[in-house]
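Note that subunit A is present in both complexes that follow, paired respectively with subunit B and with subunit C.
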Partner chain A sequence: MIDPSAIAVPLQLGQRVLISLTSISGLILVAVGLSIIFGLMGVINLSHGALMMVGAYMAFSVQSAGLPAWLGLIVAPIAVGIIGILIESSVIKRLYDRPLDTLLATWGVAIILREGVNLVYGTDSKSVDALIGGEVSLVGVTYPIYWLFIILAAVVVLLLAIGVFKYTDVGIMAIAVIEDRRMAAASGINTVWSDRLTFAFGSALAGLSGAIMAPLLSVNSNMGINWLVNSFLVVIVGGVGSFIGTAAGGILVGGLDNIFRTLTDFTALAQAFVLLVAFIIIRYRPNGLIPAEQGGE
Partner chain B sequence: MSTEAVTDSYVGKVLNNPHRAIEIVGLLVLILIPVLYPPSDVQTWAIYLLFCLLALSIDLVWGYTGLLTLGHAAYFGAGAYLTAKVTTEIPAIPETVVVFVLAPLFGALLTLVVGWFLFSADVKGAYFAIATLIISVIAGNVVQQFTEFLGGFNGLAGIPKLSIGSMEFSTIMEYYTALIVLVGVYIGSRWLTTSAFGRALKGIREDQLRTEAFGYDTELCRLLVFTISGGIAGVAGGMYATLDGFVSPPIIGFILATEVVIWVAVGGRGTLLGAVAGALLIQFLESELSSALLNFWEIILAAVFITVVILAPGGIIGAVDKDSRAIQWLQNRLVSNTDSPEQQMTETTKEKE
Partner chain C sequence: MARDIGKQCSSDSEKNTKSLRDKFTRRKFVQATGASAAVSMAGCLGNGGNGGGSSGFTFGALFATSGSVEVIGQPMMNSVELAVNQINADGGINGEEINLVKRDNGSDPATGIEESRSLINDENADIVFGAYTSAMRDAITETFVTNEVPLWYPTLYEGSVCEAIGEDIVVPRENLEWLFFNGAVPKQQISPYVPWLVDNLDVESFYLIGNDYIWPRTTNTILKDFIDENDGEVVGENYVPLGFTDWGSELQDIRDADPDIVYFTTVGDTQVSMIRQAAELGLTDEMEWAGNIMSEQEARAAGDGADGIYNSAPYFINIDSEENDQYIGSYRDEYGEDTTPNFVSEAAYWGVQMTVQAIEEADDVSGPTDIRDALESDITLQAPQGEVQMDPGTHHCALQSRVGEYNADSEQFEIREEFGRIEPSGISVQANCLE
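What follows is the complex of A and B.
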């Protein structure tokens, strides 16, 4: 999450709202990839946070090599998408009918990614410069332009995911494969590659989100875990299988988190409150805020 | 000829019940550890045994009841932190009472609350695993952020050792205490899982709805086993605190919680023996190999774990089961002439436990 203490005090209401908007956008941005892999495909992917972390390291690599920063936003999704293809073809494809075992195996994958990164980059935290510097004055408060970029990126990525699965042939085929594998295969769809590409697309979005969020975070091999658990909360609370639900979940989880943070100095307590509220919601709305049937793909 | 028959019958006995053989040999080795190793290593082995207890508690919940818990280190850590606070702040309460009464009660109370919350909402399967993972992440953050009360990153130090009267436990006594508790919990768990209650747990694992249809109150069963396992984790944590004299965030967070799940999976879930064997074997290998392999140790272990999950969900202990292919093959090679073919037929067709 974005640390509000980094902002000059005192916090005005306008500033508080903008901070909340940015942290909600960050949550949605990271959760969209999981919304595809877990929400649509039903793969309980505990390596999502690690994939996001690898994306952040890709942005760091591009920058430390002296290349232009925007290249990171291209390299990260491609590299992590390729990792996604490797994960799907080596691990996930053997476990489609064993969901709990996928959960275990992807945790193993997350460990391999984490230790691999430690091996290559060392264990110390890295920092990444923002793609766009500077600040802008909005409703009387100064606000980093990059934070506006994050809000824009979240909207674009969300629309991209909805567009791909609603309007492109590949996306519609992927939905067909998920809904009825045998029927899709009988209609001549290559189900193996459809699964693989869907997983790779979700992974690529995780990598992209990592590269976009990297300038706001301390980049280290353990950064993924908080994003992993928050992404699962967002997807489950919002409604599994619905992108609009993911957006709603992001607003709820991110909004609550920001409200609780104004009440307590301990972020862990805020986290616990969010979890409590999330479970109360799931208890009374087991299919989430906006279930897939109503929200559509 | 006669000696051959004797060895044959021994081999036959071992192959007929390989798990019992592993239990006996393992217990003998553990009893002899203080003879084989210098005291500094004995303390390390005592800590191995405490993590075996944690592995056992996870196996009860995950292996037998099918509830994958990724947050059990939270209850282990809770027992450890409670022991650390109470023994240093309220010296009037004897350490033995704190470790063997308060710590397990605290662990059990926490699991009772968490379990009631999750089971009454019928959170199960993947959602249960994710919820427990979130809880362990939060638990880790809590101890890191409450720097005043729980020591933050630096942890809490100066925890007194167990003592009876004015006599403080030596390392060897601590080791045997840990071993006695482990053996006791192991036997207790074995009894529990073979009882009617244990059969209900397995029923929940295989098909919760059907078990409910048979009239079992599965919510109560799940809550009970979860609470018992929380108590086991709590006592293990309490003993850890007095043994090490120091508690810090790594013993409460998600990394330990998921690591122990990996030990149980590699050892063989749902067998109790697999949890203990996996925990001991992997901790022993880690201490021997991790200095030479560095980060590669974690990567190799994760790769082994993924392979076990995909190809051999029974783990190591499942691979040496009486009915497994490896043991059957050995049986046919080594003792085929002592057993009649009919006997072998009945052996192979016997139901797996």
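What follows is the complex of A and C.
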């Protein structure tokens, strides 16, 4: 005879594993765009959170116009990608040899985006519905379908980014430009458009992540700031310039965070522990867990 | 106001110098100090010249219209402006128009301090309505106390006035003299609410979840006493950092603890994301959810998940009263149909009205000290929430207390219970502290 109380623990564990996976996936999903713009291009992009926020507002616009919710997942990356092109061609292109200045410039861009959104949408927080409602039962654990979708989306976006830079001509050319701009130009690559498209791709992924995460969050102009901080943490701990590193960073930061939070009844303290571990990792592995193999030299 | 002009001027230019030194580079520092010293001198001279208040009263409004709490700050700023405009249209104070000076504190305490000094020294404000977070209020309090200008704080907060709850004094007697409060303290929301929840929702076990700062912690300390008294029990308690939005693990903790009711003191985006994610995980159906800091704005942002959540507050926007119709109607005419006042902006609105009524009822009021003295009476007012009254012994107000249940379809809290007017003193506000 099966004692129901005996299987309660594994069921709770299953639920917690799924919750942790969704949490980790959210971190990775939002960080991949930054992994391109900061990790590959070296632009210290403090507008990443604001780009994610604009993506969330795109999802809201689509829903409030009465259009099908999935359209938000197409409109958000396109709209934010176009914003990325505008940012690159007006501000970033002048700063490739002054990486530290990108920090201030992109913070300015973030302020413009935040206040722009306030002007257009007002300051009240918005509500965005999940694309898919309902729950599924997996090995006895009921779980929201949308939270599984977030896990899937993170995997797809990560594979997409790896695929683009490893297997497509545009992506390989972009890497060539980043590695050696003059050599790439001499080989006939249009470096201006290569930079522009790379930045736009990173922005588009930030926008997409905003649209995907919006149903779990309060959508307002300040929503991106937390995600900006977490994304830098994930990219730096994971290893700058490597997508696998970003995944590892997300798993480590999100995993430890959820484990500590489960073990203590005091979330604020648990999150401080995660930062402590991050400090220790950076102290002993300054290039992160899985740094880019090719390096900068 | 005139009596300490000399002292104020010297101490203020010292303070300005210090804060500027922290903020600017050396060259800018030299320029700015010169300028600000000149400005605060001019302020003092102007003050002496005005003397008898021939140009009427100056009210300051110091709320966040940018930064992290601008969502709340904007309706508060609007409401002070609305009240002043209405009073001026109606003949002002004893026939003289009120001069309103609005300043943005940027959700940043350092900016709040600078703007407070500017309101007092440059604009000669006679009273300032300002601040939303406890951090902002604590940062700017000293400026008002040392300059002897009243600060009106229209936000619900923890209390801890004088020695009301032991050693943890948030508002000591010497500060209280220059501060006025018309938001709810925990007693006004919790004392009738907990027994009501226990009786009407048939709940016994509570899970307390809050943000990690003073208001949720003090509220929960008081809450636990009331839960005990009403034969309830606390089965779990957790605090998350401000800005926290990834709720999965905490919600699983709540599910494992299996309470009858979750009492939340989370605020802003943290609260909205908590409700959204709890709804997705099915927790809002499995147990009751109640709190006392959810306004219509958060509830709307939380969407369908907020349906059926209980909130205790002095004010909801759909209260049926002539004063409220007038407030909501004129607010929307002025600031747009899609804007939403809330329980803190309502308090900001009638705080101005109560001040004006106090000035008019007292004789020969001029300057900040006279306003403070005028407000120290048991002045009664019909606010949008209903009848309210100043308690001169604590500078807090007796407020209405209600329970609302959110309806996601109508996007309003339906009022489930009216407890009537509740005095502020007792529990976290020491009665007759100023006497």
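One rule holds in what follows: the second predicted complex is superposed on the first by the 273 of 297 C-alpha atoms of A that agree within 3 Å, B and C clash if a C-alpha of one lies under 4 Å from a C-alpha of the other, contacts with A are read in each partner's own complex, and residues count from 1 in each chain.
What we mean here is this: contacts are C-beta pairs under 8 Å (C-beta built on N, C-alpha and C of every residue); 3 or more make two chains touch, one makes a residue touch a chain.
All figures in this text were calculated on a predicted structure; none of them were measured in a lab.
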Problem set entry | Superposed partners subunit B and subunit C on subunit A - clash or fit | clash
Exercise. Thinking of the overlay built on chain A, is A:Phe232 touched by subunit B (first), by subunit C (second), by both, or by neither?
Worked result: first
For this session: Scan A:Met223 for contacts with subunit B and subunit C and give back first, second, both or neither.
Result: second
Exercise. Is A:Leu119 touching the first partner subunit B, the second partner subunit C, both, or neither of them?
Worked result: first
Exercise. Can A:Ala268 be said to touch subunit B (first), subunit C (second), both, or neither?
Worked result: both
For this session: Would you sort A:Val91 into first (subunit B), second (subunit C), both or neither based on which partner it touches?
Result: first
Exercise. Just subunit B (first), just subunit C (second), both, or neither: which does A:Ile44 touch?
Worked result: first
Exercise. When the two structures are overlaid on chain A, which partner does A:Phe199 contact: first (subunit B), second (subunit C), both, or neither?
Worked result: neither
Exercise. Once the shared chain is lined up, is A:Phe279 touching subunit B (first), subunit C (second), both, or neither of them?
Worked result: first
For this session: Could you say whether A:Leu103 touches subunit B, subunit C, both of them, or neither, answering first, second, both or neither?
Result: first
Problem set entry | Steric overlap of subunit C with subunit B in the superposed model, located at which of 57-65, 111-119, 309-317 or 381-389 | 111-119
Problem set entry | Doubly contacted subunit A residues - partners subunit C and subunit B | 115, 118, 225-226, 266-268, 271
Exercise. What part of subunit A is in contact with subunit B in the complex they form?
Worked result: 44, 46, 91, 94-95, 99-101, 103-105, 107-109, 111-112, 114-116, 118-119, 225-226, 229, 232-233, 236, 266-269, 271-272, 275, 279, 282-283
Exercise. Which bits of subunit C are touching subunit A when the two form their complex?
Worked result: 66, 68, 70-71, 74, 212, 236-241, 243-246, 248-253, 255-256, 268-269, 272-273, 276-277, 280-282, 297-298, 300-304, 336, 338-340
Seminar exercise, completed: The answer for subunit B against subunit A in the complex is residues 68, 117-118, 121, 123, 125-127, 129-131, 133-135, 137-138, 141-142, 144-146, 254, 258, 261-262, 265, 294-296, 298-299, 301-303, 305-306, 309-310, 313
For this session: Within their complex, state which residues of subunit A touch subunit C.
Result: 12, 15-16, 19-20, 22-23, 26, 115, 118, 122-127, 129-130, 135, 142, 144, 146-147, 215-220, 222-223, 225-226, 257-258, 261-262, 265-268, 271
